[in-house]
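Should a chain be cited, it is by its letter among A, B, C and D, assigned in written order, with residues numbered from 1 in that chain.
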Amino acid sequence: MQLGMIGLGRMGANLVRRVMRDGHRCVVYDRDPKAADALVADGATGAGSIKELVAALKAPRAVWVMVPAGQATTAVIDELATTLDSGDIVIDGGNSYYRDDLLHARTLAERGIRLLDCGTSGGVWGLDAGYCLVIGGDADAVARVEPLFVSLAPGVQAAARTPGRDGQAEPCEQGYLHCGPVGAGHFVKMVHNGIEYGMMAALAEGLNVLHNADIGTRTQDGDAETAPLEHPEYYRYDLDVPRIAEVWRRGSVVRSWLLDLTAAALRRSPDLEDFAGRVSDSGEGRWTTIAAIDEGVPAPVLTAALYSRFASRHLDEFADKTLSAMRKQFGGHDEKTSI
Amino acid sequence: MQLGMIGLGRMGANLVRRVMRDGHRCVVYDRDPKAADALVADGATGAGSIKELVAALKAPRAVWVMVPAGQATTAVIDELATTLDSGDIVIDGGNSYYRDDLLHARTLAERGIRLLDCGTSGGVWGLDAGYCLVIGGDADAVARVEPLFVSLAPGVQAAARTPGRDGQAEPCEQGYLHCGPVGAGHFVKMVHNGIEYGMMAALAEGLNVLHNADIGTRTQDGDAETAPLEHPEYYRYDLDVPRIAEVWRRGSVVRSWLLDLTAAALRRSPDLEDFAGRVSDSGEGRWTTIAAIDEGVPAPVLTAALYSRFASRHLDEFADKTLSAMRKQFGGHDEKTSI
Amino acid sequence: MQLGMIGLGRMGANLVRRVMRDGHRCVVYDRDPKAADALVADGATGAGSIKELVAALKAPRAVWVMVPAGQATTAVIDELATTLDSGDIVIDGGNSYYRDDLLHARTLAERGIRLLDCGTSGGVWGLDAGYCLVIGGDADAVARVEPLFVSLAPGVQAAARTPGRDGQAEPCEQGYLHCGPVGAGHFVKMVHNGIEYGMMAALAEGLNVLHNADIGTRTQDGDAETAPLEHPEYYRYDLDVPRIAEVWRRGSVVRSWLLDLTAAALRRSPDLEDFAGRVSDSGEGRWTTIAAIDEGVPAPVLTAALYSRFASRHLDEFADKTLSAMRKQFGGHDEKTSI
Amino acid sequence: MQLGMIGLGRMGANLVRRVMRDGHRCVVYDRDPKAADALVADGATGAGSIKELVAALKAPRAVWVMVPAGQATTAVIDELATTLDSGDIVIDGGNSYYRDDLLHARTLAERGIRLLDCGTSGGVWGLDAGYCLVIGGDADAVARVEPLFVSLAPGVQAAARTPGRDGQAEPCEQGYLHCGPVGAGHFVKMVHNGIEYGMMAALAEGLNVLHNADIGTRTQDGDAETAPLEHPEYYRYDLDVPRIAEVWRRGSVVRSWLLDLTAAALRRSPDLEDFAGRVSDSGEGRWTTIAAIDEGVPAPVLTAALYSRFASRHLDEFADKTLSAMRKQFGGHDEKTSI
């Protein structure tokens, strides 16, 4: 079938390439005209504006929006609301906050246009491995563009089938799922990313404990202000973290795609000296925590993972200074200048 | 080669079966004589006591101990110290605390016997999928029993090779690794399990947020004592958690063996009504946190995961009562009897 | 001066009593007519409706709203917007979300009425000890009703003066503070309550560690599924928690009003058997965490305190079941029925 | 009565001064001879060695040890074991790990000497305000040196009496408490400090949220890698944190000695520019967490407070780098060089 793609960054361009492999025809647009050129060379039709893109598609249209969440997505959807026709479908495949989907759907619904929100996972590897897609919106709109989801998803062969599942593979086994009404897709994707933060932090913390397993061989200066290491004899291991990440990839309980990536990164850079350790967060981790709080359910692991990222950017500096100031007040403790 | 196995529970019995598939000959012993029978039927040689087991093996011997960590393991090792000969090797494949390895190694070394500590991961699936093995001890002792590790490990084909790795597969790519001197194996296994706790909790917390995404459709009684749900309209999703776990198995960032298991469990029991939610912990999560504290490195995610297990067993009851008592004192708040 | 009070619960009634002690005259109203009777007996003027209350006050009026946050407060403010006159002042002394203040201020501003948001701390003890007041809104509106704040606040003598402060006591030393524009008062009060949750939890967790210091004298069943207590000899203390709370009240670093209250509660009920341990939360702890997340600053302690309250109400049950289900899957571990 | 004091640092010297105010006679010793001079000028008897100190005291003696925990304390106690006589009493008033008390008590008991472990709280303020003392050891040994505890403790007048307590003030109301057998004193002090860490962090985190309440007025660069601030209009408060700390000192729920100290520190240095924010920890916070883990009770707040101190010293760097490395792998995300 035919697809319009707006936003040709890393993700958008690869989505186009993957659906074209299955014979779907794509009309593509990006603010930066150069972004379209490579795809046009691969067989896509370029458009110089959203208006041109809409004009190049036959109704009822399917237009996928793949631009940064927030104002950029809202601007595109607002323009589509006045450009598309009743019966068309807009798919927001970006990382929009699911609450924004509710507003966007209302804007589009006034013109008879329907919104599907599609959480899209897979990163730079998705072109070949396929994308995991979690979708919100009307069931019949989902059904109409399902061939696209089938092409984008990894397919059932991407993993061994779960015991108890056989016969015809359900969509969820192929790697896409209609989760519920508008917003449900991005809600599920949001929680997915929250879990991702937690898993990443679990690995990172554990590797850090391994990395410091030789602390008993380093000089320790215990004094009244500093906890001495009581048993240095227990911490004399000089461990090969890159090989440990590798060995866990086979047969261990923590084997996972994130571990695969970690092993690959450590293979390239055993001390990770390419990185400074300032870890960004892109919204979903925050929103997942806010959802947990609104629901009144504890999410200590997911939240701790989020806060570690904040701390990696030193946003707790005033808090730390307050602690030092209190210690100075009650105990006359001066800050130590070394660790 | 020849192997003696002491302890024929779920893990010990399957280790024997897997090495026998590669032609190794096993002498087996368990306190419970019936445990050996099935293995004898499969070709192992049964022994009625540790002494008998030792007598049935040709020196230099390799004896694998697979009994519960703590007193049970120490008792077996003490007996082996007086039964084996100089030059023999003991492999502790259980979940011993690595600090105990240091004591056990000293006990054995007095008789010229060497200890290898071997963290063994793989659970009930290891028989067919292979075991991930992380080993501490002398390099030449490791080398001598390496054929056993090769047979037990999953082998390089169990996962795609990491970019940058080609040619002859290193041991770590086959699924076993000599990590360092005595204790290093169990240290690495300990941290592995700490990470496992963190990953499990990340998944569990996320699924719980999904499970409660319909909270806006349930009756809410906001009063001065209770935070009302401000935006019930954002929490009206009745999500199919079993299918969501399934869809994430392909193409998503959180795909992992633990997710595979979760999807399988939810397929069998979509509401998990078979479980009460009292989550045990078997030591390694505690020890990992203690190691982090000794090293002075933060491990908030791993520790939060551990504490959630404690809380699942309601060991925080006195703390909770204290909070209610304070609230009563300062605000005259009576406890609410419902949520 | 003259004050109208709407909402005569525990807090509202005592605020009226405290300002009347200083000679201010009060007109009082509550949905429940009986609530006003006691205050009328103490010298207040009763009103049968908001309209009557407004009519009984001379312009420019000052009306204090002390009703539950959320819909109840919004309803009262909406009615006041159509009943009061330009130049009047509304003081919201409840626990409103500061974001609601912005809406309420706009509603009132359309009629020339100004809103002061006043975070009011002190609980049932405030009548005699005074209330800590943190106020948002226009400086000149604050100045006009300042005599009320002076009467309600504890006064400088309530605590030793901070080193470096002498001469005329600033308002903040008397116990009230104009914090900034509309919303600033409730923002500061919100964070105050967030800190309160953290402090309460710190005390509660610590007392729980003391309460369980005898765990080494209880029977332990270590098995492969359960971490045994390695050193029972370190946990044989049968501590008198009520006396410990009492001794810390004098000279210790943790001396605090919350500790005073805890000691009082433990004096009455040494085992806290009056309480079930279901701890409510009333919004500010949630909002503080959300503010931390929006600001991108870590608040692990405040958030952990909040999550402990959620967990005390067993809202993590599905997460716990998920963990048990995974353990069953990978290790064949059955749930234990006892701790 | 007579007291020997070994260790004349900040704490030891002031303990001597406070007991001398009540007429007790002190013999004092410090490795640094100058430390004794000032106390000799105040009326103490100086000793040039531990042997001299012991010789200058009449049996049965009471010797207070106030030197850094760990090796320094053990060395002094070992020397006292060979210098004192049967029937003498050693009081360890430092911050020893309670597990060390068990060893020290055994060493001393072999010579008929008894150990009291005395957790001593009060910091540089204790000289005038008194010290909070929590004591472990034999009841009759406690009784013999009780006059010293009475002199050191703040006395009942230091706080309002708890409701339900009247008549003769119990020791716990005077500020000292015999908590149980050897180790109980330091166990209780350990948990006290754990709580202290939690309370300090609660205040520090809350003030940091206030400090950043103007984040909506600063330039924000949202992009695909960074969570944008969705509602900058909610974060436009330029709050006066020093005055907020001051106002909470009277009438609020969080009023506490730690808040008093915070207000004093912020009065001196409103932006805390004297501090870098590298926060030390001196052992008790770590040990409290380890106790919680051994007991199997959750202590998320106390542990989070500890980990924040670790993070303030950037010991999580390798973990942070691992996270950045994973993000680079799965999403091609380059690290951002600014926040």
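The definition used in the following text is that contacts are C-beta pairs under 8 Å (C-beta built on N, C-alpha and C of every residue); 3 or more make two chains touch, one makes a residue touch a chain.
This structure is a prediction, so every number in the text was calculated from the model and none was measured.
In the chain contact graph, what is the shortest path length, in steps, from subunit A to subunit D?
1
If I rank A-B and A-C by number of C-beta contact pairs, which comes first?
Between the two chain pairs, A-B has more contacting C-beta pairs.
If you take the mean of the Cα atoms for each chain, which one ends up farthest from subunit A?
D
In angstrom, rounded to a whole number, how far apart do the mean CA points of subunit A and subunit B lie?
Comparing mean C-alpha positions, subunit B is 28 Å from subunit A.
Determine the centre-to-centre distance between subunit A and subunit C, using the mean Cα coordinates as centres, and give it in whole Å.
That gives a centre separation of 37 Å.
Two or more other chains in contact with one residue: find those residues in subunit D.
Correct list: 123, 201, 203, 205, 208, 212, 227, 230, 253, 257-258, 264, 286, 294-300, 304, 307-308, 311, 313, 315-316, 319, 330, 339.
Which positions of subunit A touch subunit B when the two form their complex?
Listed in rising order, the residues are 98-99, 102, 121-123, 126, 129-134, 153-156, 158-160, 162-165, 170-177, 179-181, 183-184, 187-188, 191-199, 201-203, 205-206, 208-210, 212-213, 215, 227, 229-231, 233-240, 243-244, 246-260, 263-264, 267-268, 288, 291-292, 294-302, 304-305, 307-308.
Can you name the residues of subunit A that touch subunit D in the complex?
Spelled out, the residues of subunit A in touch with subunit D are 9-10, 68-71, 95, 97, 123-125, 200-201, 203-205, 207-208, 211-212, 222-228, 230, 257-258, 261-262, 264-266, 269, 272, 274-283, 285-286, 300, 304, 308-309, 311-333, 335-337, 339.
Hey, which residues of subunit A end up touching subunit C in the complex?
253, 286, 289-290, 293-300, 303-304, 306-308, 310-311, 313, 315-316, 319, 330
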